[in-house]
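Both complexes shown next keep chain A, but they swap its partner, so chain B is in the first and chain C is in the second.
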Partner chain A sequence: MKIKRWQPASFVVLFLLALLVWSPLWMLITGALTPTDELDRHLSGVLGASGELASWSVLPNRITFKHVVELLLDTPAFFRVFWNSCIQVFPAVAGQILVGAPAAWALSQLRFRGRNALFRLYIVLMILPFQVTMASSYIVLNRLDLIDTPLAIILPAMFSAFPVFIMTKFFGGIPREMLEAARMDGASEWSLFFRIGLPLGLPGVLSAALLGFVEGWNAVEQPITFLKTASLTPLSVFLPATTVSNAGISFVSAVVTLLPAVLIFLLGQQYLEQGILASGIKE
Partner chain B sequence: MIRARNKRMGRGEARAALAFLAPSLIGIFGMVLLPTADVIRRSFFSAMGNTFVGLENYRAIFENESFRLAVGNTIRFLLVCIPLLLLLSLATALMLYRRKRLQDLFRTTYLLTLVVPVTSVVMIIQTVFHKNGLLSALCALLGSTPQDWLNSEFAFLVLVVCYLWKYFGYNVILWLAGLAAIPDSYYEAARVDGANEIKCFFYITLPQLGGTLFITGVLALINSFKVFREAYLVAGRYPNSSIYMLQHVLSNWFSNLDMQKISAAAVLLMLSILLVVFAAQRRMDRKKEGA
Partner chain C sequence: MMSEEKQTEAKERTFSRKVGRVLIWFFAVMLLLTFLSRAASDALKAKVSVGYTSTGSLDLSVNGTGKWASGESLFFTTYFTRRIAKVFVKPGESVQEGDPLFAYDVSTVTGGKDVSKQKVAAAERALEKAKTLLKEQPDSAYAASTVENAEQSLLLARFTYEQYVALQNGGVVRAPFSGTVIACDLAAGKASVSGTSGLEVALGTPQLTMQIPKKEAERITIGDEITLLRDGKQEDQTLSVRSISALDANDTVTVIGGGNGGTEREIGASQDWKIRKKSGQYDTCVPLEALRQGGGDTYYVFVIREKSTILGTELMAVQVDVNLLAHDDKRAAVDGELTSEDRLVTACSKEIVDGDLVVLQNAE
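What follows is the complex of A and B.
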């Protein structure tokens, strides 16, 4: 009963927190649709040298699609950057699944000596931040002459331990009796993986793919370390030099960077959440 | 006969396991384990030639002033933002616990920040925290002094805010799962014994969340290193000294290909993280045995 009285108060707190999430995103969207003269009034002190304090309005006085059109039609450089992100992220995620799914299957459902120790190794590799493995990755990439190529981003990501960990958790939920029964019927280990493991563990594969995509689309450390040529820059580190006159375009490019991530998030939210939860379960 | 068959099957499984694991193991061995061994070796050798120099590289990094500054800043950042993140997200999860409609309303919103690319919010961070930005405008409105938030001691707070903003919802989800895993029967039994909400919280909820605390804490630690993204994209390679972190030092040493220093620092960082995580895990295991 006492708890009930708290409900309106907690709703207000929760709502304010939601506002903190939405207001920056709302600023991005409105910024992308605000005409240059209005942006100039708002941001002349931030992006220019006027020294005036910034302002913002919840809704712009006028809405324009000029900046959207300008970015999408007249800015080929932006498309190259967008494309760079695609060719660095999607092959990496595909590779993670291709390499990681069979490994996760073995770690979760096959009996062999040293399985637990091996799984621990994956966990240890998973908790090491990029800064620890940076030097090691560089040594290999340099030896293979891959520095400053998209493969410098793709190859280390492919062998990331995190997707293996996530998929192991999901595959582990498949009852072993089911596999034993199929084995009795003479099914090969491969067909067990393809006919039972992959279909039943699909949510795990999707979770790993989604988390891998989010990670790749946001990657900053890897591109600034292993890519030098400007023409290889992905969206995640692309910051156009912003002045008052092109602020609108910068807002649009921020929104366009955001869109694929948000779309994939909304489509696969349940898998993303399941993936987060799976990483939270202690075995 | 059955045993023979089991044995044969067991061997078949082991062989299949090797085949399934081979691509991943070869990759991890070649991309991670072997070069890490090389990094450890390099941390004890000189740059030119292959002279063993003992702990010379380690001494060198500790004599380096920017390294010491960065270690201090990184530890300070971890000590401030991890407890703050865990407490805020736990408090929020408790508000959402057992309220399905509220959860449906806010879950998506809170989790959304996790996928928002840092490059997208750089414009916002600048608009808000620039010395002529919105926060300064608010200060002026309230009659206090505007600050150059990004180029002063305040940069540290800005970075903490960025970190909390990004990972808050992620942690709420983790806590909610931990809360949902506590069996209702525990609470029912306690209520029968006359325990009130507050007693239930301190004697059931909190102790039962131990496992979640460990996982959430480890994930918060891993993610805290990624705050470099915000720091780097907003303030570049040499930000205000209050947010000059280990990640900056390593990245800057890397630009000079200072492999000896990077190797020694990487080995130390690896050891520290593993030590902290293993210590936390042992503590948790012991607690569980004691309970």
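What follows is the complex of A and C.
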């Protein structure tokens, strides 16, 4: 096997870049295991009044599990916000699939007047940032008396345009010949959707679900805007509330928050890659 | 042989299955820790009992234990130097007018000039005169003391007369007064010494002497009714406050109670008492257990307030400073930012500070 001359150099460059990408994650993990006094030393520069720079060591001088125990056994509020996140995200993702998959199938397979215009409208809605639709969403939710309820987060997410867009791309990749053959064999439109569309478009459905999960899990603006009661706060809003006095707990809670997202990503990694490719999203 | 693509697919499937299992375990552990942390948190919270504010007056009754003491006493001396045949009374005994006190030996009586009757008559005149003076000047301390002195002189003159009468009638001397014998230096078989030996007698009924701390004594006034207690129960007889002394070196005041309730009491015996008093109306009274003392003369209470937290509505103990106006055994009248709906912490399972989350001992 021939080794090209530039390969070792590119390896080093890529390794260094990878280290750079990994460093925040490493900081999270080591921070979760660092004693409070050491954290104070590292972070007092930026979080205190001195205005100096923060410092960090690759490994803590002493490893402690105090913050882990404190968060997992002595901070019931963390679990409340964790389950708040679950309650708000999982139904929203299920709803996205339930509502989005038939819509995507229709847009990709059915021929009807205004189809392209409708699809373009979906794209426009998709690219609109939350801040643009925030006021109108608030007014509608307020009229429906849903402000300050989990449904204020779930319902708008269920009717998100983004999953429809991704699934349309996947359903569009199903060979027409296959569907025609099924039609000739007497399959109804529902049969085509359930027996051919969903099994073959499963990667698209799953990638839409994964991306929907990541989006919902990290959502900050929607909870801040639509939820007022502290007991409805999700993890994404709880985390920034941590301060220098509980920096250790903050690191641990960040790691625990990260875990479901990482696990779900690993679970559907291949589908997610396909979904990202289909949507043309880079990050 | 399996193709490379199929092998990769199988590996990916195995990996996904493992990740799926880890994910399920993750959520299961989170669920378990949710219950554990909540239980631990609840166990660590102080359990509190609460009371409420009220309006009304305080029971400012004063109570304590006093001692029975003799009232004003007089020393009745023997008029004759003569052998005493018998003594009928002992110190501590109460005597009524006409009761025998002692008996002279009359075997050698030869008679004598009775001058004592004239003395009695003179004393009676002096008393009448003093009483007239008191009538004319009812507020005069001099007139009152003149009457008192005249009464004493009359009693002493009567006692002397009684002794003359006794010598003529078998020797038994009878009491011309009612009172309690405090001391007696007469003894059967021994001779009396004229003008020196005799009996000290407390006239009238015994008085209750009460030592009361300054703060409590401020609530007492002359004429207040004193309830006498025996084994915690109220007796039928009562006394009234006769005098209140000035403050002594121990910051206490001596209060003297007297009246019919003092009859048949043993001098020197202890007596439980209570003077019932009610304060004026106060707008805010708190249970005494709710009142906590800070540094010096500062006081505060813990009020239970509801707080919206991530875990829902929780109960928080909030410190509210108050000024103590007065208190009795059960309640304290205070001045502070309290309302009638405020729940005040009266007892808690552990020490709490301002802002602590608490749970109610008996959920309402």
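Definition applied: the second predicted complex is superposed on the first by the 249 of 283 C-alpha atoms of A that agree within 3 Å, B and C clash if a C-alpha of one lies under 4 Å from a C-alpha of the other, contacts with A are read in each partner's own complex, and residues count from 1 in each chain.
Here is the rule we use: a residue touches a chain if its C-beta (ideal position, glycine included) is under 8 Å from a C-beta of that chain, and two chains touch if they have at least 3 such contacts.
Since the structure is predicted, the reported quantities are computational estimates derived from the model, not experimental observations.
Upon superposition of the two complexes on chain A, no clash is found between chain B and chain C, which fit side by side. When the two structures are aligned on the shared chain, A:Phe159 is found in touch with chain B, with no touch to chain C.
Of the two partner chains, chain B is the only one touched by A:Leu25; chain C is not. For chain A, the partner with contacts to more residues, out of chain B and chain C, is B.
Contact with chain B, but none with chain C, is seen for A:Leu53 once the two complexes are overlaid on the shared chain. In the superposed model, A:Pro76 makes contact with chain C only, not with chain B.
In the superposed pair of complexes, A:Phe238 makes contact with chain B and with chain C alike.
Once the two complexes are overlaid on the shared chain, A:Thr257 sits against chain B while remaining clear of chain C.
When the shared chain is aligned, chain B comes close enough to touch A:Trp217, but chain C does not. When the shared chain is aligned, chain C comes close enough to touch A:Gln270, but chain B does not. The superposed model places chain B and chain C at 120 degrees from each other around the C-alpha centre of chain A, with the value given to the nearest 10. Of the two partner chains placed around the shared chain by superposition, neither chain B nor chain C is touched by A:Ile97. Taken over all C-alpha pairs, chain B and chain C come no nearer than 14 Å in the superposed arrangement. Touched by chain B in one complex and by chain C in the other are residues 238, 264, 266 of chain A.
Against chain B, in their complex, chain A makes its touches with residues 2-3, 10-11, 13-14, 17-18, 20-22, 24-25, 27-28, 31, 43, 45-46, 51-56, 98-100, 102-103, 105-107, 110-113, 115, 118, 121, 124-140, 155-156, 158-159, 161, 164, 183, 189-190, 193, 214, 217-218, 220-221, 224-225, 235-239, 242, 247, 250-251, 254-255, 257-258, 261-262, 264-266, 269, 272-273, 276-277, 279-282.
Listing the residues of chain C that touch chain A in their complex gives 12, 15-16, 19-20, 22-23, 26-27, 30, 33-34, 36-38, 40-41, 44, 308-313.
Those residues of chain A that touch chain C in the shared complex are 72-83, 229-231, 233, 238, 259-260, 263-264, 266-268, 270.
Against chain A, in their complex, chain B makes its touches with residues 9-10, 12-14, 16-21, 23-25, 27-28, 30-32, 34-36, 38-39, 42, 92, 95-96, 102, 105-124, 126-128, 130, 132-134, 136-137, 140, 146, 165, 168-170, 173-174, 177-178, 197, 211-212, 214-216, 218-219, 221-222, 225-226, 228-229, 232-233, 246-247, 250-251, 254, 259, 262-263, 266, 269-270, 273-274, 277.
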